[in-house]
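Just so it is clear, A, B, C, D, E and F label the chains in written order, and each chain counts residues from 1 on its own.
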Amino acid sequence: MRIAYVVPGPMSKGPMGLKEMKRREALLNAWAFAGTEVSVIDVMDGPASIESAYEEALCIPATIDVIMRCERDGFDAAIIGCFGDPGLEAARELTTMPVVGPCESSLLLAASLGHKLSVLTIFESMVAGQELLAYRAGVLEKLASVRATGIPVLDLMKNPDQTREKLIETAALCVKQDRADALLFGCMTMSFLDLADEVSSAVGAPAINAGKAALKHAETLVSMGLSHSKTAYPMPAKMRAGQSFEALRVA
Amino acid sequence: MRIAYVVPGPMSKGPMGLKEMKRREALLNAWAFAGTEVSVIDVMDGPASIESAYEEALCIPATIDVIMRCERDGFDAAIIGCFGDPGLEAARELTTMPVVGPCESSLLLAASLGHKLSVLTIFESMVAGQELLAYRAGVLEKLASVRATGIPVLDLMKNPDQTREKLIETAALCVKQDRADALLFGCMTMSFLDLADEVSSAVGAPAINAGKAALKHAETLVSMGLSHSKTAYPMPAKMRAGQSFEALRVA
Amino acid sequence: MRIAYVVPGPMSKGPMGLKEMKRREALLNAWAFAGTEVSVIDVMDGPASIESAYEEALCIPATIDVIMRCERDGFDAAIIGCFGDPGLEAARELTTMPVVGPCESSLLLAASLGHKLSVLTIFESMVAGQELLAYRAGVLEKLASVRATGIPVLDLMKNPDQTREKLIETAALCVKQDRADALLFGCMTMSFLDLADEVSSAVGAPAINAGKAALKHAETLVSMGLSHSKTAYPMPAKMRAGQSFEALRVA
Amino acid sequence: MRIAYVVPGPMSKGPMGLKEMKRREALLNAWAFAGTEVSVIDVMDGPASIESAYEEALCIPATIDVIMRCERDGFDAAIIGCFGDPGLEAARELTTMPVVGPCESSLLLAASLGHKLSVLTIFESMVAGQELLAYRAGVLEKLASVRATGIPVLDLMKNPDQTREKLIETAALCVKQDRADALLFGCMTMSFLDLADEVSSAVGAPAINAGKAALKHAETLVSMGLSHSKTAYPMPAKMRAGQSFEALRVA
Amino acid sequence: MRIAYVVPGPMSKGPMGLKEMKRREALLNAWAFAGTEVSVIDVMDGPASIESAYEEALCIPATIDVIMRCERDGFDAAIIGCFGDPGLEAARELTTMPVVGPCESSLLLAASLGHKLSVLTIFESMVAGQELLAYRAGVLEKLASVRATGIPVLDLMKNPDQTREKLIETAALCVKQDRADALLFGCMTMSFLDLADEVSSAVGAPAINAGKAALKHAETLVSMGLSHSKTAYPMPAKMRAGQSFEALRVA
Amino acid sequence: MRIAYVVPGPMSKGPMGLKEMKRREALLNAWAFAGTEVSVIDVMDGPASIESAYEEALCIPATIDVIMRCERDGFDAAIIGCFGDPGLEAARELTTMPVVGPCESSLLLAASLGHKLSVLTIFESMVAGQELLAYRAGVLEKLASVRATGIPVLDLMKNPDQTREKLIETAALCVKQDRADALLFGCMTMSFLDLADEVSSAVGAPAINAGKAALKHAETLVSMGLSHSKTAYPMPAKMRAGQSFEALRVA
């Protein structure tokens, strides 16, 4: 199967660049089941990183264009490569192939590992947004906490030792003070640091790499012949009434 | 005080046109407290009407640009003129003046009128989205039901008698079968038909005009010197760190 | 419009006296929209202050008599002047004009300012009662905490500096430890100290003056031609069946 | 042990009269464990029956006076003889002996009989009030429904066959449509008709006589040496601070 | 009435032995209402104590055999003598006499004593299980906390002074930090130490002896002629279809 | 990887027999990703089918023995082959390899397909049990309904056309009346009829084969190097304290 991992912003033009995209593509292909081919594709219009509701809103229209093109190009599923799952509902309206978001995928996987989950996020200002995503995934009851590390997305890879240390320290608070049984990396750059095993060993609870979780979720759906429900994410009414996709976009 | 009612799409270019914008502006000014001046402003980039998550996503970036301009131009508050409250959180991040959404305003007002509320919406496909907005407003526990009338936004004004009849019929089901104590018009075009009194008389429960509710909410906040909390809707981190607004927008 | 602010106890005879009533009336009229006239009216039978369920129960029958008289005297709305909203449901059964309670009004307004709210109350023993009121308002999900200042109602005005200091200290705990985005003054005497701006500046989150919030809520309802739903707060069955109001009161 | 069953209104002066009080006293003593003596005492000030929030508010102050007198007179516990549990919280503040309410007692007993419960109430207008009591008891999650029979309290005993028939018909809807596993009689006059076994046989689910449930609850607490928590229902602050009970009552 | 207190394991063969069983039987009979006779019966197949889901699962089949035999032998009700209520649902399927579990009985009784409850349990690893039982009882909303004392079941009686001290210390944290109004002993051996009064005096909140609570619950049900609902706990379908009990047990 | 699918009862000795076990094994291997080998293993002690809490309790001890043996024999994960997930928590306490239950796996997968889910179960008497499992999985908020088909487990394969018809009829009610976006087959024999595509086409919403879902869940966990959290499912305390497994089992 062919899976598109769509980065909702122009990563190839930004500080991480094409090299990081290729590194992530290699990791995803290494994590995949035999027979899966993953392509990492970025979106040319959008912010350098997504750390606010505004930046999230900015990236959605162009990201959905890319996801629609992926479906036309024969991909079997798409992953939205940001832990805020930007545009997940809108993308599902316009596709029939599965579209998954790493936050939803990780939360639902983590829910099977224990009673209470915690998310390691970037900033305090993103805690409420993560709580909303837990509600949308249906597992808010299992959310023990969302704790911020305070390291901006674009700085996570600059000092990996400091990042590792801060992640372990924050994760330990989730386990000890919030009774978390499992941990989520609440940012794709965190996940692609591939520190889940180290963090898990350090704090005594499983930690979920969101890139792996989204990939396995997509592979599971394709393998089972399933996709999101069109009663939940219906094609927009104007299109159901026979108008073209273009008619949706402008008055 | 000066309040901007921002229509998140190019209404002046669409089927309703400038005339309908002016009619709504006149109504809003008639509903306002003495001393309030309301301007209706549309957004030149966006869909003709918003009936899906995709159309909602499409309108947000340009709508926020207009709201930010309104703040710079000295408006005291802005109303996002769509019952899906598109971009409410993102707009609040970038402003200090109050920005209100008619859905949130109506839900919180309705919550003071009785134990259970129902929303009259456009299509079945919009029920789940309205339920999510009730959760975000904090009053999901009071939501009795969301029921669709099945009349597309752009057709609501074409046959007013049929629209009135369908609204009353649907509202009656909310009261009788779902135990609703109060009703919300879940679309601004419904609200600007100004049928709240007729529907209310017909079904024996108060009905809330969302345009009025958002206006009163904005007037209340300005009058009290209040605005949304910046701990809840903080300025994006890059700007707090000293980067310009433009730096947010592109990689 | 004419609004009655009904103090549910004999304030004019108590330690605060007629002077304080007049001061509050002046403040309310200063806060009102143009065209609103507010009268502060106390109830001659009842406790000196309300700090328990028992004192609340004591004040209700006579308070409702006054509210009913206000409606007969042509007032457009009534505010029950105590943050416990004593008798709110019963008063709504017997009136058609809007009757609002400052706690409900403040909670629903605060719900539009952020994700999580905290109430500053008088005693630890009043925390559970405030939580129940948040449930009744429908916004318990948004309640971050209720924290007591420990200063009795009748002492709040004796040492304003100490009161201000204690309010700021308690509010800061709500923001830092409980993640509150907005604060409520959980007592009318606290609100009429008019310290919202000072507390808000000190802790970095909006604080809501409950007197203002109730006033704006009443003005909004009257201005919109709305009142509480009679399906939610119906006239007592004996009266609906044709018996007189007097027949309700004695066997 | 001696238990006071306090009717919160002047039953001896009303249509049911002293004879009905004596009949209820005999039933309660017949239901009691060996060694328990129950006295039925009415309250001379209050409404003929309680079918609204207003009538409930009316009865509370005098009812609490009677309950306090009962404690001084050596009773071991009191039952508030109305299914709305009027004044339960206030009475607990002023007593150390157990005070129980039939609604709370019945709900907590019913919660041990199955997954879902239904309450048979008097009027549609009382449904929301019963739901609030289920929330206060802590078992709202188990409430399947509250259904009204439509027979006023004072008419329940006039045509017992019709009452029985209506109760069975309503209970059957609770079991079949709402999946109730157990039924509560939501009015003391219903309970003292002593129809639990008949209704239960007819619909195939246990039905709880609220008079028996409250009695057993009181006997249990006295027998175990338990009473309500004074952290939950503390003595009013003015009394804790050394003022007399009388000081609470007037300004 | 005759009540069987069934210990779900071979206590007579274990470290506590027959002497402890007889001591518990004497206590239960001393706590009972006049006319109640309690027999303590252990189950010959099962673990020495129950501190995990696995040990709980181990004891259930044989415990249900004993409970069924008790019903055939003319007992009026059975108590499952472990605070995890092992096998409660299964036992109710196979009996018509009441079967009660001390955890459910205690939680529902405690719910009538205050707003928030805490359970004192054995190990941290048992917290999530206790939370699940609170959900099943329907009162999770009232659960303030579950705190572990860290003393294994079989060690509780070895050093009673240390146990008392640890219980008081843990209970005090529940009251002060978690706002508990009432406390539950989350283990039968804790309850049979009969320390409720001491703990209650020390921390200022009622503490519930789970053995007493289960006994009173059973006595209440028998006295009222009630038992669990057979719609909630139906006889297994194969038996309803006419097969024998033995046919259930093997393929 | 090697996965054990453990049937919690003696299927090879029962009416379905070894042939059906082999058919299921072939299906599971056909559904698996390349490189996965699935073995179907039954448990020699237990009921013929599981349709009650009692039958569930009966099968658990022997099923856990088999799962523990599987781990010793080098399997990488185990699936408990019953939709009630019997013994899931206990098995996780005693293993470090992943143990999954088809109900939990299906619920969490379905939660990613839409807003509301429905489970097709065997008997009305199993509805409450399925609701409890949805609570344990953390997704009760998404459960639209559990509806019974009324066909006993052992009859499902006798008349496949009738089973298919009944499943489609029941699924259609879930979609139309309960607003389900996705459907679960609430019994493994239902799932192994492999009718998901037919049911899905007939009702217009995805249907989840629980056997496939559990398999993909197990493959995902093994592939990611994850297993259940040992803080959530700790080894029993006696073993942590150094006693042998055998010491757990008898007094």
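Basically, a contact is a pair of C-beta atoms (placed from the backbone, for glycine too) under 8 Å apart; a residue touches a chain by one contact, two chains touch by 3 or more.
These figures come from a predicted structure and were not determined experimentally.
Chemist: With chain centres set to the mean of the C-alpha atoms, which chain is at the far end from subunit B?
Modeler: E
Chemist: Tell me, please, which of B-C, E-F or A-F gives a repeat of the C-D interface, judged by over half of the contact pairs matching in residue number.
Modeler: The C-D interface is reproduced by E-F.
Chemist: Could you give the separation in Å between the centres of subunit A and subunit C, each centre being the mean of its C-alpha atoms?
Modeler: So the centroids are 45 Å from each other.
Chemist: Using Cα averages as centroids, what's the distance between subunit C and subunit F in whole Å?
Modeler: Distance between chain centres: 53 Å.
Chemist: Tell me, which residues of subunit D touch at least two other chains?
Modeler: 115-116, 128, 135, 179, 232-233
Chemist: Report the residues of subunit E in contact with subunit F in the complex, numbered from low to high.
Modeler: For subunit E paired with subunit F, touching residues are 9-11, 13-14, 46-48, 51-58, 60-61, 64, 87, 89-90, 93-94, 122-123, 125, 128, 132, 135-136, 152, 232-234, 236-238, 241, 248-251.
Chemist: Residue numbers of subunit A touching subunit F in their complex, please.
Modeler: 31, 33-35, 100, 104-105, 108-109, 111-116, 135, 137-142, 175, 179, 181-182, 197, 204-206, 208-209, 212-213, 216-217, 219-221, 223-233
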